[in-house]
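Some structures to go through are shown next.
In the two assemblies presented below, chain A is common to both, partnered first by chain B and then by chain C.
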Partner chain A sequence: MAAWPKEPRLIGTKVPRLDGLAKASGKAKYPSDVRPEGTLFGVVLYSPHANATVKSIDTAAAEKMPGVKGIVVIAGQGKKLRFQGDDIAIVAAETEEQARDAVRAIKVDYEVLPHCVTESQSMDEKAPQVFDGGNVRKARAIVKGKPEEALEKADVVVEGTYSLPVITHVCLEPHGLTAQAEGSSKITAWASTQAVTVVAGELAGSFNISPADVTVLTEVMGGGFGSKFGADIWGRTAAELSKKCGGRPVKVFLDRAQEHLAAGNRPSATGHVKLGASKDGKLVAMIAETYGTGGVRGGSNFPLPYVYDLKNSSRAHAEVSVNAGGARAMRAPGHPQGCAIMEAALDDLAAKLGMDPVEIRVKNLAEVDNVRGGRQGETINRTPMYEAQLKLGAELIGWRDKYKPRGENGKGVVKRGLGVALHQWGGGGAADKQVSCTINPDGSVEIKSATQDIGTGARTILAMITAEVLGLKPTDIKSNIGNSTFPPGQSSGGSTTTPSMSPPCLAAATQARAAFFNKIAPALSTDAETLSLKDGQVWVNGEPTMSWKDACRKLGMASISETGKFADGLSSVGVGGCQFAEVEVDTETGVVRVKKIVAIQDSGLIIDKLTWESQVYGGVIGGLNYGLFEERVMDPTTGVMLNPDMELYKLAGASDIPEIIVRAYETEEMKNRGVIGVGEPPTIATAAAIANAVANAIGVRVPDWPMSPRNVLNALASKEGKA
Partner chain B sequence: MSSADSTELPIVETSVPCRHLRNKGMYVYTDGSGESHGDYDNTIFWCLKTMTGFGPDDTYVGREECCNVNRACFEPL
Partner chain C sequence: MAAHDLKDDAVRGHSRRDFLRGSSVAAATAVLTGQATTAIEEAKAAESEPKVLSGELKITLQVNGESRSCTVEPRSTLLDTLRHRLDVTGPKRVCDRASCGACTTIVDGVPVYSCTTLAVACQGKKIETLESFDTGPAGVPHAFHQHDGLMCGYCTPGFVTACKALLDKNPNPTLDEVRRGLDGNICRCGTYIGVLEAALAAAKAMKGA
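This part shows the complex of A and B:
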């Protein structure tokens, strides 16, 4: 059975990204940087209205504009436009400016219809229908035990309504691709995607050509977070325009406004929760009625109860449709919402009971919460892991010295508070992926797979594993990914890339090493079994005998190439973590400043500790944005988004980032589980921990995220009976 | 589709979705392991034909909706 090295030389160490310098210096060319010879620039005309029908569209004037080479109408006469940002047409021209001028010259006659862009508008009985079937669709209700009965018997009950807004995807590199058609049957696309094989497959399917005739290239990419899986209508239209324009490349990337309007978002979540417990803080029941909106697309459901053991619970969720851009997966879909609502209610319960928030969490973990272990059929109880993580996190935030009960944080204007929250995620590997490893006579080593680096360090991780097996440095390995024609690689979603790609990479390098030994052993007058690799040398019977490069020359003219496949026992699934936040709240201005965050995370065997930590830092910062700043603001009257830019759509600046302490919960037991992904879990609990810290500081729950001055001041006013 | 129109065909659902129905999980959990959601479903779907959340018939794309063989755009696997 395949196994990770017991005493690794590289795995688990901190190795800088192989492409870090290129990215930092600007040398790396992102898909939106790529401009093949003859590139035409595509600009999207999109709906200015939240709800309308296209009565007529006239592109004649636009077609005659200077530089215009092609126009594709997406929403023709009679087509419904369901949100501001809905696509109408794309113009391709010699320059971006010419394309923008032509877009302005397209004449569209709209029948503007009544809209609903907020949940309250949409749930009104007289609301216009976003689409046939009703604006509110109820999910299957989930009932466990006898929640009503248990709640009646509870010693203490809290009841509250908590809400989180829609937040939009804000990838630094916008959505899009540059497509070049060759004749009627071949397409090359330079795509900003987290799934090169998916984009290739979708373009092939869309034009009814073979996937083998589509090449999608993503050398590097500027963020996806779940929103960049398919070719999208923009990519497909770019390819269509390229066909129309004689095979000239056509570049279609969204502008920042349309990114906010149409490129996906995390749905909102509102939960009315009743939570009951016994006097000692043991939860007995939860009843939750929740709703959320994913715009015109759905997807607002989320896990609740979350993490904690509840024998009696009921949950009813309603999906609310509004005339606004549709949801897409966003880093740990559903979990940040479920975590925030659960953790807020639990914290409010702890405050009512006068219990320590850490203590009530430990008390309510399930006795047994099994996740997959390292070997087939083996399980590990996650509860002791959570307990150890909470203990470590409490030490690092200084809980014992700093924690004071809610509302007892001094009499000054600026209050300090502490908060905590727990989370969980899957992050396993997909079993059908492959990596090829080629050793060349000149000593160069190349690995290939049709995966891509969404920013997690995939390129570096694969090089580290290969270098570990071949006794080389990671920089000796050409880690070739981001090409859909390579051996099947994993799409980067669900924190599955590293656990999917590491096992076949280990197999490919191990197989290549064995083939290499068999080939050179006769030339070294020894048996393959006597050979090993270390420090760039070939060792015979434990003695360094020949340099790697000299040994590779013994291969003659033929390279060695092996393809490795996924093997069980090298990766696993199911992680947990906890985060602590320390905040300062100015009770006069409502401004919250996060002073410190502690993030404890388990994720099995860590390959590159440096990129692992980077993911946790990034996840925490994303969660901080969710906790403090982000909010899509819709105007109920006009139906438009009021902040589709990076000025009024608030994100943290450098001075908003607190001290962040990251610790891996990485015991031998964890290492034996194999590789598990960490892209998503560390962003889940941050907003919940921050909100709990704010409540601890000011003595009242701020029930609406983000913890903005307006929401904080509203909560303080409510506390004083002024709301 | 208006429920008041008696001339409309009844919705007949199959357990097999249209071959153009897509969601992220199809591409991530290609070995069939699936997302361990159990108690909730927040899957977001799109149509390969339109690459949006609405099909060629301008109707919502979803798990149940795209099992409806009476949709004009339905194509079996």
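This part shows the complex of A and C:
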């Protein structure tokens, strides 16, 4: 059975990322930076209307424009355009300026149709039916126990409607790729993607060639958050244009507005919730009717009830279609929404009971909440872990000294409040990935896999594991990823990259070490069993005997190359975490400032503590954005998005960042579970904890996210009966 | 970021005040003075008057200490010229409208959003991108690397450049001054904690502390 080194030198330490200096000095080449000789620039023409049919499209004038080399029409005559930002055509020209001019010269005659761009517009009885099968698709309720009956018997019941808006991914590097076709048989693409192998498969499919004839390169990439798994129509069309233009490379990257409109978003969530408990704060039943929109694509369902033990519950979800871009997975899909609604209702119940929010949470954890342990068949009860996390988090935020019951936070204009929320996630690995490890006679070591680094530090983690096994420094290892022709690697999604890639990496390095020992043992006049590696030296019977480089020379002309596969016992799945927030609310302006956040997170065995902490900080700051700022604003009248930019679509800047305390819940029991991913879990509970802190501060629930001045002032007005 | 402060107009040399001086003021002067002076004034005015540029233009820019020539259009931004014509790809195009700071470039010592700066207006000016920064232990990039002030890294060039410009002006910033100095930049991965640590560490390192 495979196991991680018992006394690691590197694993669990803080190692700066291998490509950090290249990124911080502007020398790293992102897919959008690559401009092979002869590159043509592609610009997308997209729909200005929320719902329309293309009556006619005429590209004749555009084709004659200076510099134009090719045009592909995506939505020809008769085609439906179902949202603002829907693709119509792509122009390739010598310069981007020329391509933009040509896009403007394409004549499109639209039949503009009625639209629904908000949930309320779409759900209205008199709404135009703009989607096949109706605008609203309601699923049957999932019922557990006898919720109606249990709720009637409850000592206390709260009822509320909570909502979170659609938000967008805002990847800083836009979606796109540069494609170069070699005739009809081969394609090379420099793609900003979180899945090189998926992009290769998609491009191969559209050219009807083998994925082996497609090379997708992603040395580094500028953010995906779940929205960059495929080549998309933009990448496929870039490849088509390249073929059309005699194999000249064609570069298509979206503009910022289309990024917001068409390149993915996180669905909205609204929940009408009834939650009941007995006098002692033990939950007895929940009835929730929820809906959300994923635009033209669906996928708005989310987990509810969430985390807490409910013996009786009913949950019915309705999928609402609107004329807006389709949803895509976004960092812990569904969980921030489910967490926010559950935690708000639970907090409102605690306030009604006059109970401490931490106490009510501990009281409602399931007696047994088992997740996987270190090996198949082993389990770990998550409940004591949550309890320990809550205790630690409460200490770090100063709960005992600072917490005051809801609405008892003084008479001043600016009020302080505390909030808490729990979350959970999977984060396990896929078992079919591979890593190769090559030791060369010159002493260089290269590992390869068709995974990629979305920003989490995947490249560095693989180098650390290899260096750990070979007794080298991480910087001695060439960690070669981001190439679809390498051994099959994991997509960067679902917090699965590290747990999928670490086990085969450990296997590859361990196998390579064994082969290396066998090869050099005779040259050292010893047996392979007497050899070990440490500090860049080969040790014989515990004595440093020869430098790594000199030993590698003994390999002669032949390199050693081993491919490692997944093994059980090195990674696990199922994590939990808790977060506390302290906020300050100006009750005159409605401005919320977050003062402090505490995040406690478990994720099994941590490989690189530095990049692990960065991911948790990043998750918290992402959650702070969802909590305070982010909101896609649609105009019901014109059907367009009012903030497809980066000034009215608000994101936190340096001055918005509070004190953040991050702690790994990393007991021996947790370490023994092996590696678990952490990209997603720490972004789940933040927005919920912030909203609970706001309610605690001002004495009234702000039921709509984000905690913007408008939403805060509306809640305060409703408390005073002015709404 | 101070790039659009009026007080920096004199430094940047393409200000609204210059525009007014070059046009109406020169015309008014001509009416009030005699023939000879008028001719001189007119010649002076012609030099500073806005010129109408069109079509394709060959320009030379001083980028990171080198003279680089390329063909642009009058509307071509400094950012697109650097990235698409000169392969200087450190500065990134993200919002393309002066909101996010990823394109930050130092022009004549002042950090500007290169996505909203015209290339033709940068002729004769000293253009610095982060590729020219010291990557050794006393430099800003090193501090970002060591403190993990980056994840995907696409905003990083802008933060590093803004940080360098801030420290050049204020070698001893407080944490609040660092926050304000970097408020013209946006990160989506949420690396601000590492960024703030890196900026303070870089300030120390640059002083040789």
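Convention: the second predicted complex is superposed on the first by the 722 of 723 C-alpha atoms of A that agree within 3 Å, B and C clash if a C-alpha of one lies under 4 Å from a C-alpha of the other, contacts with A are read in each partner's own complex, and residues count from 1 in each chain.
Here is the rule we use: a residue touches a chain if its C-beta (ideal position, glycine included) is under 8 Å from a C-beta of that chain, and two chains touch if they have at least 3 such contacts.
Small disclaimer: the values here were computed from a predicted structure and weren't measured.
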Does the chain A-based superposition show chain B and chain C clashing or fitting? fit
Considering only the touch criterion stated at the top, classify A:M221 as touching first (chain B), second (chain C), both, or neither. second
Vertex chain A, arms to chain B and chain C (CA centres, degrees, nearest 10): 120
Considering only the touch criterion stated at the top, classify A:P333 as touching first (chain B), second (chain C), both, or neither. first
A:R35 in the overlay: touching chain B, chain C, both, or neither? Say first, second, both or neither. second
Does the superposition put A:L172 against chain B (first), chain C (second), both, or neither? second
State whether A:G653 touches chain B only (first), chain C only (second), both chains, or neither. second
Please provide the least distance in Å between a C-alpha atom of chain B and a C-alpha atom of chain C in the combined superposition. 20
Using the touch definition from the top, list the residues of chain C that touch chain A in their complex. 73, 75-76, 80, 83-84, 87, 89-97, 99-100, 102, 129-131, 133, 135, 140-142, 144-146, 148-157, 160, 178-180, 182-196
Write out the stretch or stretches of chain A touching chain B in their complex. 79-80, 82, 87, 131-133, 139, 142, 195, 197-198, 202, 205-206, 226, 229-233, 235-236, 267, 294, 296-304, 315, 317, 326-329, 333-334, 426, 428, 430-432, 490-491, 493-494, 496
Enumerate the contact residues on chain B facing chain A in the complex. 1-2, 22, 24-25, 27-31, 33, 35-37, 39-46, 48-54, 58-60, 62
Any idea which chain A residues touch chain C in the complex? 16-17, 19-21, 23-30, 32-33, 35, 41, 95-97, 170-174, 220-223, 225, 255-256, 454-457, 610-611, 613-615, 617-622, 625, 645-647, 651-655, 657, 660
